[in-house]
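We just call them A, B, C, D, E and F in the order they show up, numbering each chain from 1.
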Amino acid sequence: MRLAIPRETLPGENRVPIIPDIAKKLCRLGADVDVESGMGDSAGFSDQDYIDAGASIVTDRAALFGSADVLLRIHKPSHDEIALMKPGCIHISFLDPFNEHDLVTALKERGVTAISMEMIPRTTRSQKMDALSSQANLAGYVMVMKAASYLPRILPMMMTPAGTLKPANVFVIGAGVAGLQAIATAKRLGAKVTAFDTRPVVAEQVQSLGAKFLEIDLGETGETAGGYAKELTPEQVEMQRQAQKDVIAKSDVVITTAQVFGRKPPVLVTSDMIEGMATGSVIVDMAAETGGNVEGSVPGEVVNIAGVQLIGTGNWSSDVARDASQMYASNLFNLVEDNWDEEQKLFKVDFEDDILPGCIITHGGEVVHDTIKNLMAGGQ
Amino acid sequence: MRLAIPRETLPGENRVPIIPDIAKKLCRLGADVDVESGMGDSAGFSDQDYIDAGASIVTDRAALFGSADVLLRIHKPSHDEIALMKPGCIHISFLDPFNEHDLVTALKERGVTAISMEMIPRTTRSQKMDALSSQANLAGYVMVMKAASYLPRILPMMMTPAGTLKPANVFVIGAGVAGLQAIATAKRLGAKVTAFDTRPVVAEQVQSLGAKFLEIDLGETGETAGGYAKELTPEQVEMQRQAQKDVIAKSDVVITTAQVFGRKPPVLVTSDMIEGMATGSVIVDMAAETGGNVEGSVPGEVVNIAGVQLIGTGNWSSDVARDASQMYASNLFNLVEDNWDEEQKLFKVDFEDDILPGCIITHGGEVVHDTIKNLMAGGQ
Amino acid sequence: MQTLIQFAFVLSAALFIFGLKQLGSPATARRGNLISAIGMLIAIVAALMDQGIVDYRFILAGFVVGGVIGALAARMVAMTSMPEMVALFNGFGGMASLLVGMAALTPNAATFTLVTIVLSILIGGLTFTGSLIAYGKLSERIGSGAVMFVGQQFVNSLIVLGILGSAVMFCLQPDQAHWLYLVVGLSLVFGIMAVIPIGGADMPVVISLLNSYSGLAACAAGFAVDNNILIVAGSLVGASGIILTQIMCKAMNRSLANVLFSGFGSGKVETTEVEGEIKPISVDDAYYVLEAATNVAIIPGYGMAVAQAQHVVKELTELLEENGAEVNFGIHPVAGRMPGHMNVLLAEADVPYDQLLEMDDINPRMENVDVAIVIGANDVVNPAAREVESSPIYGMPVINVDSARTVFVLKRSMASGFAGIENPLFYKDNTRMLFGDAKESIGGLIREFGS
Amino acid sequence: MQTLIQFAFVLSAALFIFGLKQLGSPATARRGNLISAIGMLIAIVAALMDQGIVDYRFILAGFVVGGVIGALAARMVAMTSMPEMVALFNGFGGMASLLVGMAALTPNAATFTLVTIVLSILIGGLTFTGSLIAYGKLSERIGSGAVMFVGQQFVNSLIVLGILGSAVMFCLQPDQAHWLYLVVGLSLVFGIMAVIPIGGADMPVVISLLNSYSGLAACAAGFAVDNNILIVAGSLVGASGIILTQIMCKAMNRSLANVLFSGFGSGKVETTEVEGEIKPISVDDAYYVLEAATNVAIIPGYGMAVAQAQHVVKELTELLEENGAEVNFGIHPVAGRMPGHMNVLLAEADVPYDQLLEMDDINPRMENVDVAIVIGANDVVNPAAREVESSPIYGMPVINVDSARTVFVLKRSMASGFAGIENPLFYKDNTRMLFGDAKESIGGLIREFGS
Amino acid sequence: MIPAEVFLTFILMLSIFLGFELINKVPATLHTPLMSGANAISGITVVGAVSLAGTGQQDLANWLGAAAVALASINVVGGYLVTDRMLAMFKKKEG
Amino acid sequence: MIPAEVFLTFILMLSIFLGFELINKVPATLHTPLMSGANAISGITVVGAVSLAGTGQQDLANWLGAAAVALASINVVGGYLVTDRMLAMFKKKEG
């Protein structure tokens, strides 16, 4: 079976889908691994590293796509790329199937088996393949480091002969995987951290990192069976905004990671709240690219609003591309290995499996994922 | 007495000599405080903040210099500025008197009493005025944050479902004030930290932060009465280089802070050592601006040598300008307060004091600091 | 001479006390046993000096027979059958008191002497048969379950009445030997009846109690033959035995009455889906196990984070290492609630990185681990992932703590973890549950190390 | 009746024992004292039941006089003069034994009784005068120094010989009253001679020893009047008193012999430049002080970093808070070896920021602090900065721990800190040095809190 | 019959052991109250004195006995009260 | 004279207290050896048996005494040895 890893083309993306160590493991499974020339460059891996691992280097990108049985990638394919693929080819990557209906249609029509990395279920057993988690985790770290580098202050407290520097106040909205890691990193650096999340179970998790949980009574909230947050009603969002206002005004750094799986994130920090913050404060909006939690955030950019730096860079884990690539590659490998037929040496698409079916979007010319199918059929 | 605080003109300098809180304290001593318009901008303080503190805003820079009894500044004056000062005026700032002989001469000739902040003795009692320490301390923090943001990896260890990320190895050369804070910050972030310094007492201090001290037997080393390191012989420097080579090759981050007060810092990391490091590693050269510890470092810039990022930015504490300004301003205030004549409400230059005389370079038309005088008289 | 003998007895009693004291601490216990044995030697030698003794043959014969049997039995018994051996010895001690009591009977004894004779016979007799039954149950020569039958209460009451009646009659008519034999017989029967309804699991408590009785029997025999050291040593054993019994009950979380009467050793397995029994352990006892361990693995989970126990865990690690043990941490990739959760905490507590082992590194070593301490982890050590095909986590690699010799699980309750599934680990033979907040439990262990 | 009385005595002895046991733990001590008092009441009531008593007038008179004096004295004595009051009471107890011994003398007493009479007189007498001297020294009615003169040894030997001689003579010729009076007189003198050469500082040990003697005197008197409870209670007091004495000696780091003979209480101030005495304290004792504190300030310095004691410090803080104390940290700006050194460590150990007070905030509160714990700090708490004009750090603000009620300084030795100057704090009256690695010392304190 | 001395030796021996076990490891802060409490117990002489003071014979022994009762009562009453006062200072906080 | 029973009650009372103090807080691991050690002490009956077995009268009492000596010896010898074997397993590491 031929596994192909083309170079990522998204500007600013430094991560690579497969690192040499993992390429070696894939070869050991009995797969033929084709790597596009220069694929590893941005994360500091040379073609030679991949050759040493047992992969072949392919220079012709079109040929790579055309011959691949399985494509291992980070980002969704372009329409042009889909046209290059063999029917029956398995394409594994982030897909954003909730929004990319055209793409899903194109994949379906091409007869590609499209596996969406964001649809990996969040069970204990599937965590090793869960790329959303692995990347969000690094994002949590990176967001704090970014915030720290824009803040004209230091995060820790220091009592020195030249006076006492107060610890920076950091407020994290949304304490999922990224939020928790952001909390942990900011705590490590000595900041005073407060966090809020709508899912009630999170309070204990926040405290387990030594941070403070902001109690807001929003009435009925909760989480889905998959562990994601439920969407709030507009009234609840308003209540939350009001309750957070004071905390935000007193914060040096606000990091927002509040997301609702499959929907646009709620706007939780409005312009007037930003204006209430002190000059020099920093806001990091994790989801700026998909709409963001902060009013006025610009995807991919840092903007200055009334003296407050609002960071909407996005693609956070690409900042620590080497580690992020390692983790993403592991996720891919675990997914491949879990579905690998040892005898026939091929990736077996088994609809009886307890993980895989949930993340296959298209297969055999059909959209096989129920939620997506319904969504595309008309329901919002 | 009229204390004047002109705007800092050095490009990239965000710190300010006096922050509003300290301006208020100066006013309370009974001084007239003149602040140049826009002086606080770069650190986020408006003219209004200073007015509220009791200072007057002066727009005419020449007038400000001309009327000042005491000038409170961060950086050394230009020749033009010296020409504007009243004879007998007291000018307090960093001066670099070991190298700026022309400037010292100009100050002497103008009859200015020039106080050099770097000459504050390092005794327990004078620590509150010690701006070298207060700024070096912040530099330690900033250097680590800078290194982290250039490193394509995270510093802490993480054992995750997608594999284990090893902790980054950080090697700190020179564990003075800045080095110790760098160690502490890197440790906080979860890095594995090793450090080296020529002064033997430092080993315990490094360990007191939970880091490892690299034992190198250099024979006779030591420290001056003032607590600074003695300069090494060329043989010793060579021994040190050899012993550090392996550690450097295994490090993800190297931070060099090795300085010898009043002399050019030794070159401790050579090009071949840099080449021995892995792609993506980072070196921070604290003293790049004054020659640096690393071969090839460019003052004020980040250069890429064989895949290794070599950061020579300099003026580190300006990165956290708000905190740095607060600390520098406190240092200045403590210096002023310590020499303030409460009755006459003036800054009293008392050669009987146990701190002040050591940092006065010129006074009454003379170079009064012995070391500098000797140095300028001819001895290298 | 007589006075010298008496003072030798004082000395031997002092040695007994000192020996018992030292027996109470692991460091000195063995020495304590020796000291107590020396005390016994002195007492015997002193007794042999007695001017009343004219013929040493019988004595010698008794010594030789008894000594050889005792020595052989003690040598040959398997380590695992020590407790039943103790029961047997105890029974012999009781029998000896019974015999001494009988032998002390002289035609014109005072009533007081008669009473003490009856007591020594009664207590000695029931100790003898009771111990034999305990021995039988423990060695599984007879069924170890609780034997109960209808009318048991009634029969027992009859026996007690019979004993009382015949004892009174004997005291009144000491020349009528059959009353005496009736007392002997009934007390033997009573010993049997008292012990059979108690289950095998409770036998240690019973033996301890019988041990205390055999002390009292010796005490009574002492009165009968007017011998001082018997009285003192007997009452000492009686008193400390009773207290030991009580302590053992407390360690089993039962009352003495419960053990003797209502409990009937019927076991207290809760009805759970999983087979096996939950065995809680106290901090004290956990300490003694840890103190003897040379290879310890610590497996932290989300509960360590919730308890914020990382600092005390680190301290415990240091103490274990000072004590000569090798300590490693086994970090499961999904432990905690965020990737690297355990790393953040352990780094905060300054645990050296090289003590942190990944799951794949610690699992092969697990068999050499004396004690695996699971601190607030649950899903990540759940053997169901290996064993129960129907489990939602079946197939996920977990840390195989159950291969360690002993597993301590520190958690607050029997509640399940994130995945919400039962954990068969808690019911395994080599698992002990140390219930309570992890920080407090570990704090307790640390204090034990200090004292 | 007589038997009942005897068993009442058994009960009262049991209550004494129980009371003494409870006196040994701060939590139960007061109750213990009450229990022991009840025991005494029972004993007295039982004694009054004695058929031998025909006339209660004298008894009543004695009770009233003694009771009123005792009660008044106990009520009115100032808290600070308790120890001398105890000494005085003790003396009276000794005198009572002496009188009982004398009163027990009957014309045709057996030699054994005579010996016990002499013993009760001898011990009672020396307890009496010894206690009086101790009282005098403590209350500074007589010089508290050690009184020594040439030939002291010789005189003492003479007295001892005299006592022995006249005691023997008395036993041989009990009808010659002057031998008895000689014994009385000499024992009184001996009590004086034995105590005068001991310095005031060692008096507590002496009182404890005399207390033990007064128990023995009661025991001897018990033999003389053939009274059981006197014997038992007396030997109990004698035994526990001796052991208490020994424990007190150990706490003072002296041997008993050293206290009684060679030490002569000449003091042990080391010759230092700074005035005052270094007073080391043990972990145990430090614990008891901390346990009673409601306001604690912790002042960390470089030594805490070197010892890496931050985690245990945090744990101690938590224990103190659980115990109801308010705990704050006083952070001196230059503590440690880099700016913010303490912050890094304390943040690592998760000490909440609002517990960290700057020097200027903690200094005004220092007077309300019960215990200031200085952990490996030196220069930053050096009062020389305030007091000694010639000091190189004169004028630098420091944390004024010396205004706290008690100061514990945790360091390994008397070595100076970074600035290399002597620290007069260590010699202050309210300072106690807890020597040893800071981490270990605090670990010890934590364990004390657990046990 | 066993002579009383033997029993007494036993009692003494047991008392010593017991004394040791009881007093062992008492904190220094309790040394003084403990001493004072034991001191009060040593006033047990009062029990012996009572029988001498109650003979009603008004001889020397009787007078001595009465004096002994008085002295020992001081010891007993004063001892317990002082101990109690001292201990009252140790008021243990709950927690 | 005070009757022996009184002394004995005292002794019993003291023994109980002492027993409590001695045994109090023994760790569970030592319960079995401790029990076994105490058990060996209860073989003290041998001392009583000795005098009965040594009368030389060859009557029933004599025979009973001899049997008692034998049984009690088993208890003593076996008890101490077993205890020792158990304790040998607890070999404490230095540290």
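The working rule: a residue touches a chain if its C-beta (ideal position, glycine included) is under 8 Å from a C-beta of that chain, and two chains touch if they have at least 3 such contacts.
Quantities reported herein were computed from a predicted structural model and do not represent experimental measurements.
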**Item:** Number of hops, chain E to chain F, where each hop joins two touching chains
**Value:** 1
**Prompt:** Among the other chains, which touch chain C and chain D together?
**Reply:** A, B, E, F
**Request:** Report back the single chain whose CA centre is most distant from the CA centre of chain C.
**Result:** B
**Request:** Tally the contacting C-beta pairs at the B-D interface and at the C-F interface, and name the larger one.
**Result:** C-F
**Chain located farthest away, centre of chain D as origin (C-alpha)** = A
**Message:** On a C-alpha centroid basis, what's the spacing between chain B and chain C, in Å?
**Reply:** 69
**Message:** As a quick test, compute the distance in whole Å between the mean CA positions of chain B and chain F.
**Reply:** 80
**Request:** With chain centres taken as the means of their Cα atoms, state the distance from chain C to chain E in Å.
**Result:** 39
**Complete:** Distance in whole angstrom between the CA centres of chain D and chain E is 18
**Item:** Per-residue overlap in chain B, given as positions that touch at least 2 other chains
**Value:** 127-128, 133-134, 137, 156, 158, 160-163, 165, 188, 190, 210
**Item:** Residues of chain C engaged with two or more neighbouring chains
**Value:** 17, 21, 232, 308, 333-334, 339-340, 344, 347-348, 350
**Prompt:** Going by the touch rule set out above, which residues of chain F reach two or more other chains?
**Reply:** 1-2, 7-8, 10-11, 14-15, 17-18, 21-22
**Asked** Between which chains does touch occur?
**Response** A-B, A-C, A-D, B-C, B-D, C-D, C-E, C-F, D-E, D-F, E-F
**Message:** Give the list of chain C residues in touch with chain F in this complex.
**Reply:** 16-17, 19-21, 23-27, 29-30, 32-34, 36-37, 39-40, 43-44, 46-48, 50, 52-56, 58-59, 61-63, 65-67, 69-71, 73-75, 77, 79, 82-83, 85-86, 89-90, 92-93, 95-97, 99-100, 102-105, 204, 207-208, 211-212, 214-215, 217-218, 221-225, 227, 229-244, 247-248, 251, 282, 284-285, 287-289, 292, 294, 322-324
**Asked** For chain A, which residues are in contact with chain C within the complex?
**Response** 123-125, 127-128, 133-134, 137, 140, 177, 180-181, 184, 188, 204-205, 207-210
**Message:** Show me the residue ranges of chain E that touch chain C in the complex, using the header's touch definition.
**Reply:** 1-3, 6-7, 9-10, 13-14, 17, 21
**Prompt:** Within the complex, which stretch of chain C touches chain E?
**Reply:** 3, 6-7, 9-10, 13-14, 17-18, 21, 226, 228, 232
**Message:** Can you tell me which positions in chain F touch chain C when the two form their complex?
**Reply:** 8, 11-12, 15-16, 18-20, 22-56, 60-90, 92-95
